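Input: structures, listed below.
One chain, chain A, links the two complexes that follow: it is found with chain B in the first and with chain C in the second.
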Partner chain A sequence: MKFKTFAWFVGPSIFLMLLFIAAPLISVFLQSFYVTQPVFESVEVETCTPGFLEQTCVTEIKTRPILDDAGQMVTQTSYVGLQSYRNVLEPARAWEALSNGNISSLLTIDFWKALRFTLTFTLVTLPLVIIVGLAIAVAVNNASKRIRGPVIFISLLPFIITPVIGALSIRWLFIGDGIMTAFLEWALMRDISMFAQGWTIELLMLFYRVWHVAPFAFVIFYAGLQTVNQDTLESAIIDGASRWERLKFVIIPHLMPLIIFISLIHLMDCYRAFEEIIGFSSQAHRISLQWLTYDLLTPDDSGNRSISRASASAMLTMVGIVILLIPLLRRTWRDHKGA
Partner chain B sequence: MSTPRALRQPLSLRLASAGFLGFWCLLAAFPIFWIAVMSFKTPIDAFASNPLSVIFGPETRAMGNGLSIIDILLGVAVLYATVKLALGWLPGACKRFAPGGQVWLGWLIGVIGFALGFLIVFFGILPLITGVLNSLTGPLGTKILGLSTEHYKAVWIENQFYDNFLNSLFVTAGVVTISLTVGTLAGYGLARSGSNLAFWILIIALIFRALPHSVLVAGYLPVFINSAEILKPILGENAPTLYGQPLAVIAVLVSINQPFTIWMLRSFFQNIPNELDEAARVDGCTHFQAFRWVIMPVMWPGVITTGLFSFLLAYNDFLVTSLLLDANNQTMVPAIAGYFNRETTTTDQVEAVAAAVSITAPLFLLVMIFQRQIVSGLTAGAVKG
Partner chain C sequence: MKLKSLALAGAVALLGTGAYADCAMTNTTTVKSLTAGFEAWKAVTDAMAECGMVEAELDQEFREKQPAAFAANPSLYHIGGVANGTLVPLLNQGTIRPLDDLVEKYGAQLTPNQLIRVDGQIMAVAMMVNVQHMMYRSDIFADLGIEAPTTYGDVLAAAEKIKAAGVVDYPLGGTFKTGWNLAQDFVNMYLGHGGEFFGDGNTPSINNENGVAALELMKSLTAYMDPEYLVSDSTYVQQQFQQGKIAMANLWASRAGAMNIAEESQVVDKVTMSIAPSPAEGMRPATTLWWDGIVIAKNISDEEAENAFKVAMEGMDSEMVQANNDAAVWLIPGFEPGPLAAGAAASAAAGAVPYPASSQMGLMHTALGNGISDFMTGAKDAATALADIEAAYLTAAKEAGLVE
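This part shows the complex of A and B:
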C-alpha cells in the first residue's frame, strides 16, 4: 500500500486521536503549572451602625473580587511552577508523617489516601479475578454442552452491566436492613452496618470488581481451553499425571499468554477505578486516584472548578500508568523485532 | 462416542464442579434479578429484611396492585410466544417484506413494528382480558404476587426520564456510527500496511487506551467552557460553547474509543485473506473500491462486534458525560446519580432502583441477541496475542 493511500485510510482516526487525546494531554501538562484565579482588590470600607448620641463607625479592609463592566469576575492566569503539585501531594505534611512513622496521618492527605486505595484495590483483585475466571472456565468446560449456552449468558451479565449500576445493585442488597445485611446479621448473630466504616465498604468494592471482571477472564480462558493440545493431555495421562498435575503442568502453561494479557488489561482498568466510588458513595471513606481528579473538576459549592490542581493530580496519575505500561511496551517491541 | 475410562471423572469431582458453577450463576444473576424484583414493590416491601416479603410483596398487594395466577400464566404465555415469534418468524418476514431489497430497512421497520405490537398486546389488550377472567374464576383470580409499576411511572413520566433516554440514544447512536466509520477505514489501512509507521501508530494507540478518562476531561473542560471566546476569531459571532453539547461529547467519546476500535477492527481485518484484495486490484479496483465492494461485505461480523463494544462504552459512560453535559441534556447513567444522592425517602430509592432497571433492560436484550458476537469480540484480541 502506498503511503498516500495509507494516509487517506488512517487520516481521520489519527486526526481525532491527535485533537482529542494528544492535544488535551499537552494542555493538561501545561495547565498544571498555571493557576487561574479571580483578581482581588483590597478596599477600605467604613461601616456605621446607629448608636446613642453618635454613630459607631468601624473601618475595615476588605478583599473583594474585581468585577468588569459586564459584572463578571476578572480573572488572571499566572505561572506558579510546581505549586499545584505541592497542593496535591502536600510533601511537608507527608514527610512529617513518614518521619514519625505515622501512616494513618499520611493517609489523611487525599492524594496518598487515593493512592493507597487504588494500589491495594488493583493488587488484591488481580489474583482473585484470574483464579475465579479460571475456575469458571474449567467448570464450564467440564459441564455438558447443553447448559453451556445459558451459563455463558448468565456469566456475561455482570460484565455487560453499566458499572455504576452494577455497584449500585450490590449496594442495594446491603443498604440499611437489606436482605444480605439481614442474612449476615442472622448468620453472625451481631449487628452489622456495612456502610458505617471504611473497611466493609472496601470489601464490597473488591467483591464488586471481581464480580464484574471475572466473566471477562472466564470467556478468554474458556476460548483458550478449547485450543489445549489433546495429545499432550493424553500423554500426561499415560505418564500417570493426576488431574491436578495436568492442570498445573499442561493447561496453565498453555494459558500463560492469556493470563498475562488479562493481568495487563486488568491492571490498566483497575488503576482507573472510579465507578465503584460513585456507586457505593464511598467518598467519605475510600477514594481512588481517578475520582480525586473527577472531584477537583466538579464545581464546588461556590461554583469554581480547581482546574490546575486537577491537572496536577491527573499528571501524577499518569506516572503510574506509564510505570504499568513499560513491561507491556517492551514485550510488544520485542515481538515486533522478532516478527 | 464414550469417554475413555481414564478421562472419566469421579462423582465427587463432577458434583463439586457443577455445584461451583451453580453457585457462580446464582452470584452473577442474583443482584440484577433482585433489583428487578425490588423495582416493582412498594418501598416497605422492597427494603424488607425477609426475602419472601420482597418477592411476594404483601404491602404492595394490600394496596391493590398485584397479579393472580391467571395473570402470571397468560403473561408468561404471551412472553414465550413473543420470543418464539421474534426468533422464528421475524427474521424471515423482515427479509421477505423488505422494501426494494433493502434488508436493513426491512429489519428496522420489522423490529420497531414488532416491539410496538408487543407493547400494545402486553400492556393494552392483556390487562383487559385478565380483568374479565379474574372476576370470573374466583380463587384462581385472587392476587397472590404484589406488583406495582408506580415507580416506573414516576421515573419515566413525572421525572421525565425519557429526556435522558433520548439523550442517551442520540449520544450512543452518534458514537457507534462515527467510530465505526472512522475505525473501519483506519483498521483496514493498519491491517494491510506492514510499515513501521503503522506499528508506531498502534503502539501509541495502546498507550492512549490506558489513559484515565479524567486526565483527558481535565484537558477538555477549560477549553469547552470558554470555547465561544476561543473560537470567535475563526467562526465569528455564532461560535458555540461546546460545554453541554451532546455533539461535543460524541466527538470526545469517539476519540477516546478510537484506540480500542482500531486495534479490534485491525485484528478482524487481518483474518480476511490478503488475496481477496489482490484479486480485486487485479480486476482494476482502486484500494478504496476494493475496501468498499470486496472487503466490507465479508467484514460485517467484525463490524457488528466492534459496534457492540462502542455501544457499551458510550452507553455505560459516567465520567465524561457527567462532567461535559449540563443538567438540560444529561444522559441516563449520570442522571441516576441525581436519584441516589437525593435519597431522602425510601420512595426515592425505589425510584432509583426502577431507573437502574430501566437502564439495564436494553443491555439484557443486547446480551440475549448478540451473545456470540460479544464472546468472539472478547476473544479476538486475546487469543491471537
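This part shows the complex of A and C:
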C-alpha cells in the first residue's frame, strides 16, 4: 500500500485517539502536579435560617471565596510537585505501619485498602474466568447441534446485562431478607447477613464478576475451538489420548494466544473495578482504586471536589495497569518476533 | 389500544384545563427548575406547573450539577431547590441573586421565618424544615409499657425490652449507610453532646471526649440493629418500618407521611412521632435542623427572574400546602401541624441546632462519611478513627485552600 493511502486510512483514528485519549491523559498528568484554589477571605456574616416557629440567626466568622468584578471566583494555581501523590499514597503512615509489621493498620489507609482489594479481585477472577469460559466453550462444542444455538444464547445473557444493573440484581437477591438470603437461612437453619461483613460482600463481588465476564471468554474460546486442527485431534485419539490429554496437549496450546488476549483484556477491565462497589454499596468494607478516584471527584454538599488528588489517583491506577500488563505484553512481543 | 390512548389523551387534557385554573397568573415564558426529588418538591413543582410553561427537573443527585448549571451564562435553570448545605456552593460562586426587592413586590404572604438571610440580604426562600427525630411503634410501646424515649439511655433500655419480648426482627433502625448518612448521624450525636467541629483557622477539632462519646453511643445502638446497618439509608429504614421489622428509629420528618400510606405500609397509624432523643439528661436533642427552599439564578435577565419568582410563589402558596399537608413540615402559612409534625416541632423547641453548613463542613462531612465505618467494623478504635478523619479533613482542606 502506498504511504499516502495508508495515511488516509489510519489518519482519522490517530487523530481521534490523540484528541480523546492522549490529550485528556496529558491534561490529567499535568493537573496532578498543580492545585487550583479559590482565594478565601474571612468575614463576619450573620446568617438567619428557619427554626420551627421563629428564625435562628447566628453571627460567625465565615471563610468565603473572593469574587472579582465580573462575579467569578478568584482562583490561584500553584505547582505542588508530588504533594498530591503523597496525599493519596500517604507514604509516611504506610511506612510506619509496614515497619511495625502491622498489615491491618496499613490496610486502613484508603489507597492501600483499595489496592489490596483491587489486586485480589483482579487476580482471583482471572483464572476463574478463563477456566469457566473454557469449560462452557468445550461443553457447547461437544453439545449436539440441535441445542447448541439456545445454549449459546443463554450462556451469553450475563454478558449482555448492563454491569451496574447486574450487580444491583445480585445485591437485591441477597440484601436484608432477599430471596437468596431467605433461602439460605431456611436451608442452613441460621441467620445470615451477607452485607454485614466484608468477606461475604467480597465473595458476592467475585461471583458477580466471574458470572458477568465468563461469557466473553466463552465466545472467544468457542470461536478458537472451531479452528483446532481436526487431523491432529484424530491422530491424538488414535494414539490413545484421553479427553483430558487431548485438552491439555492439543487444544490449550492451540488456544494459548487467545488465553493471553483474554487475560490482557480482563486485567485491564478488572483493575478498573467500579460497578461492584456502587452496585453492592460496599464502601464501608471494600473500595477499589477506581472508586477512590470517583469519590475524590464527586462534589460534596458544599461543592468541594479534589481534582488534584483525583488526577494523582487516576495516574496511579494507570501505572498499576501497565505494571500488571508487562509480563503478558512481553510474552506477546516474544511470540510476535518468533513468528 | 386506540380507545385507551384516546381516554388517556382526554384525561391529560382535562388535567390540563382543571389545573390551569388553580394558578393566579398565566405564565408566558419558560421557567426551568432543578430541585431534589422527594415528595414535597413534587408537590411544589406540580403546583408551579399549573401556571404553564414550567419545566421542572426533580433529581436526587441535583447537588452534583447545580453549581455548574447555575454558573453558566445564561444559567441553565431559573429556579433552584436547595437546602442548608447545597446553598453554600451557590453563595460561594455568587450565582444566585438577592431576593429582597422581589420578596417586597410579590412575597407579601411569606412569613419572616421563611426568609433565609445572609449578611442582611434575602438569598433564599424556605418552604419546609426537615429534621431527624424519633419515630416509634406506639402499639408495641403500649404493650410493653414503655414510655416514649427522650434520651439515648431510654432508647437503649427500650431496645433491650423489645429485644427480650421478641416482637420485631430488630428493635432499632438507623440511617447508618456509609457516606453521607453515617456522617450525618455522627454530626447529630456530636452536636447533641455539645461538640464543636472547628477550631481557629478551620482546623478540625473532633478528636475529643465528645467525639469519642458520640462514636461509642452510635456503636452501642448498632447492637440492636439489622447487622447490615452500614448499607441502610433512609429509604431502607422507612421500608423496615413499613414492613413491621423495626420498632423505633431516628428518621427524617419527611419520611413520616410514608408510614400511613396504606398501599405500602403495614403499620398505618401505629407510628408515633416524638422528640429526637438527647445523649443524656440535660443535653440538647441529638439532631440538626434542615430547611429546603428556592433560590433564583443570577445569570438570567431581571424580567426572567421576576417571572420565575412569581411562578415559584404560586408553587409555594397555601392551596398547595392544604392539598399536601402531610407531605412535609411546611413553613408556608396554611399548614396545619398534625401528629406527624409533632416530632419535628418538639425537637426544634428543645433547642436542636441548624446544620452548620459551610465549605469546610462539606469537607468534614465527607471525611466523616468515609472514616467512621472503620470504627464501626472494628478496624480502628474511636480515637484512632477520629484522628484519621481529622487528618483526611486537613489534607482535603489544604488542597481546597481553606487551611494554611
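Convention: the second predicted complex is superposed on the first by the 277 of 339 C-alpha atoms of A that agree within 3 Å, B and C clash if a C-alpha of one lies under 4 Å from a C-alpha of the other, contacts with A are read in each partner's own complex, and residues count from 1 in each chain.
In the analysis below, a residue touches a chain if its C-beta (ideal position, glycine included) is under 8 Å from a C-beta of that chain, and two chains touch if they have at least 3 such contacts.
No experiment lies behind these values; they were computed from the predicted model shown.
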- prompt: Which partner does A:Phe111 reach: the first (chain B), the second (chain C), both, or neither?
  reply: neither
- prompt: Now for A:Ile278: first (chain B), second (chain C), both, or neither, which partner does it touch?
  reply: first
- request: Mind telling me which of the two, chain B or chain C, contacts the most residues of chain A?
  value: B
Field: Partner chain in contact with A:Gly176 - chain B first, chain C second, else both or neither
entry: both
Message: Between chain B and chain C, whom does A:Gly198 touch in the aligned arrangement: first, second, both, or neither?
response: second
- prompt: Between chain B (first) and chain C (second), which, if any, makes contact with A:Phe33: first, second, both or neither?
  reply: neither
- prompt: Touching A:Thr298, do we find chain B (first), chain C (second), both, or neither?
  reply: both
- prompt: Who does A:Leu25 touch here: chain B (first), chain C (second), both, or neither?
  reply: first
Message: Per the contact definition in the header, classify A:Pro50: touching chain B only (first), chain C only (second), both, or neither.
response: second
Task: Figure out whether A:Tyr85 sits in contact with chain B (first) or chain C (second), or with both, or with neither.
output: neither
- request: Under the contact definition given at the top, report the residues of chain A touching chain B in one complex and chain C in the other.
  value: 175-176, 281, 298
Message: Going by the contact rule set out above, which residues of chain A touch chain B in the complex?
response: 1, 3, 5-6, 8-10, 12-14, 16-17, 19-25, 27-28, 31, 36, 132, 135-136, 138-140, 142-143, 149, 151-158, 160-166, 168-170, 172-173, 175-179, 181-182, 211, 215-216, 219-220, 223-224, 227, 237, 243, 257-258, 261-262, 268, 271-272, 274-275, 278, 281, 289-290, 293-294, 297-298, 305, 307, 310-311, 314-315, 317-318, 321, 324-325, 328-329, 332-333, 335-336
Task: State the interface residues of chain A toward chain C in the complex, per the touch definition above.
output: 35, 37-40, 45-58, 62-65, 67, 71, 73, 84, 87, 104, 107-108, 110, 175-176, 193-198, 281, 283-285, 295, 298-304, 306, 308-309
- line: Within their complex, chain B touches chain A through residues 6-7, 9, 13-14, 17-18, 20-21, 24-25, 27-29, 31-32, 34-35, 38, 47-51, 54, 182-183, 185-186, 188-190, 192-193, 195, 197-199, 201, 203-223, 251-252, 254-256, 258-259, 262, 287-288, 291, 312, 315-316, 318-319, 323, 333, 336-337, 340-341, 349, 352-353, 356, 359-360, 363-364, 366-368, 371, 374-375, 378-379, 381-383, 385
Statement: Within their complex, chain C touches chain A through residues 63-64, 67, 84-86, 88-89, 91-95, 112-120, 126, 129, 177-180, 182, 202, 226-231, 236, 289, 291, 298, 329, 331, 344-345, 348-349, 353-354, 357-363, 365-366, 370, 373-374, 376-377, 379-380, 388, 395-396, 399-402
